[in-house]
Amino acid sequence: MIRAGEMLDAYPADLGAVDRTALMDCIEACFECAQACTACADACLSEEMVRDLAKCIRTNLDCADICGATGNVLSRHTGYDASLTRAMLQACATACKSCGDECEQHARMHAHCRICADACGRCEQACLAVLSGLG
Amino acid sequence: MIRAGEMLDAYPADLGAVDRTALMDCIEACFECAQACTACADACLSEEMVRDLAKCIRTNLDCADICGATGNVLSRHTGYDASLTRAMLQACATACKSCGDECEQHARMHAHCRICADACGRCEQACLAVLSGLG
Amino acid sequence: MIRAGEMLDAYPADLGAVDRTALMDCIEACFECAQACTACADACLSEEMVRDLAKCIRTNLDCADICGATGNVLSRHTGYDASLTRAMLQACATACKSCGDECEQHARMHAHCRICADACGRCEQACLAVLSGLG
Amino acid sequence: MIRAGEMLDAYPADLGAVDRTALMDCIEACFECAQACTACADACLSEEMVRDLAKCIRTNLDCADICGATGNVLSRHTGYDASLTRAMLQACATACKSCGDECEQHARMHAHCRICADACGRCEQACLAVLSGLG
């Protein structure tokens, strides 16, 4: 279980005007989505119809990298920079939308794509929620 | 919540002789520890006594990188290679031991170090459990 | 030496309308900047005045994560998605601008910050060059 | 161009008994190999015979993650921990050996596998050279 909430409580300085719950949810959603995308890419590789899943695997890999980087950026509060956080949240929401849409197309046939589409949707919403709170 | 278990259930081919529960626990522990280490490094940066925490921050950063890479490696099952998995689990257990020992020394004074030491300890044990099952 | 150019030449399908030289330069600049930021954060940690460098270290770590993820995204061409590439290049240019500006302030006193500011500036320009070619 | 050498020169404290040239070569080889593996995995995805390359793609992805983490660990010198560095170099050499052997099998047919096998071989040797100097 990602301990983002405990870690936010233990931060030794002021977190600023951020919505703490939205931030905690988003950090967790980023790591959840990164793992789901990494696992979905690998599961796609094991499917007989892998040729039809090449775009899905590529989007999975991009989304995993971007969610991982976003989860790290959001886990840091020292020397906070709103423009950088905003740009990264926008990139992450875009990646989750692309990957979620792609996985959705294979969700009926492949359970791993359905689980991954869910994780992407949750992460996209969590990014948008933090973004809307940044003003 | 990391969906490693759901993703293991959805894997379209045989997982081989691996202990499924140990693997799921280890994947989750790796991502939990990576996030805790990233957050602990940043919290240390905000402490007035940051000069005394330089070694702690460095070990946090190493452990975060290694746990993230290990969580990814363990999330892949296609084309499984026991020697690579074993070497990475050993590196991860070593990193978690170093980082946990270092954080433990600051655990009374800094709550973030206490939480991070817990995450490191759990991840080290989870790596050793998967390793012992690899034979 | 990053072999991005050789790898682009070896890509087995059409790369599309991308400016090949701009793309190759940007991939190399992303990995160069990621390494420089990781090394600069660590060098800052070894400075006696580390407390004055906390914001610099944080921006280094963010920039390293974002440049690494961007270098990976740009290294993939299968199932190309312009909106995702564009969002990530914008996040990367923003991170490089923030980190370069911060390092620039310490460039006279610390050689590692000067080298890192150079790497950030090159990577920001390389991202903007690819972005302008995306139309 | 990875600036590992410049960054080593700019490190504000003693680097210890490390072989500076071997370290610089290894940092560069790690980032070169990470990029080559990421690009090779994507190029394999674009091949018509992708089903025959599933193991190659998986090994590419593992090797990319491990080389990236190793390059980061080697870029940090503050609070140096020989046991952690040694374990990570061993994991990286193992990953490069596995990935290089796999890519070698496809090197005649696919230029990207040949370039990637070269990068893996160079990185494996660079890791072993640093390891032998650690005593």
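Details
First chain written, first letter: the chains are A, B, C and D, and each begins at residue 1.
Everything below uses one rule, namely that contacts are C-beta pairs under 8 Å (C-beta built on N, C-alpha and C of every residue); 3 or more make two chains touch, one makes a residue touch a chain.
Predicted, not measured: the structure shown is a model, and the values here were computed from it.
Using CA-based centroids throughout, the chain positioned farthest away from subunit B is C. Of the two chain pairs examined here, A-B and B-C, the one linked by more C-beta pairs in contact is A-B.
Note on chain placement: the centre of subunit A and the centre of subunit B lie 19 Å apart, centres being C-alpha means.
Centre to centre, using the average C-alpha position, subunit B and subunit C are separated by 27 Å. The residues of subunit B that reach two or more other chains are 42, 45-46, 54, 57-58, 61, 68, 72, 76, 78-79, listed in rising order. Subunit A meets subunit D in the complex at residues 41-42, 45-46, 48, 50-51, 54, 57-58, 61. Partner subunit C is touched in their complex by these residues of subunit D: 1-4, 6-13, 27-28, 31-32, 34-36, 38-40, 42-43, 45-47, 64, 68, 71-72, 75-79, 110-112, 115, 119. For subunit D in complex with subunit B, the residues that touch the partner chain are 54-59, 61-62, 65-66, 68-69, 72-73, 76, 78-79, 81, 83-84, 87-88, 90-91, 94-95, 98, 102.
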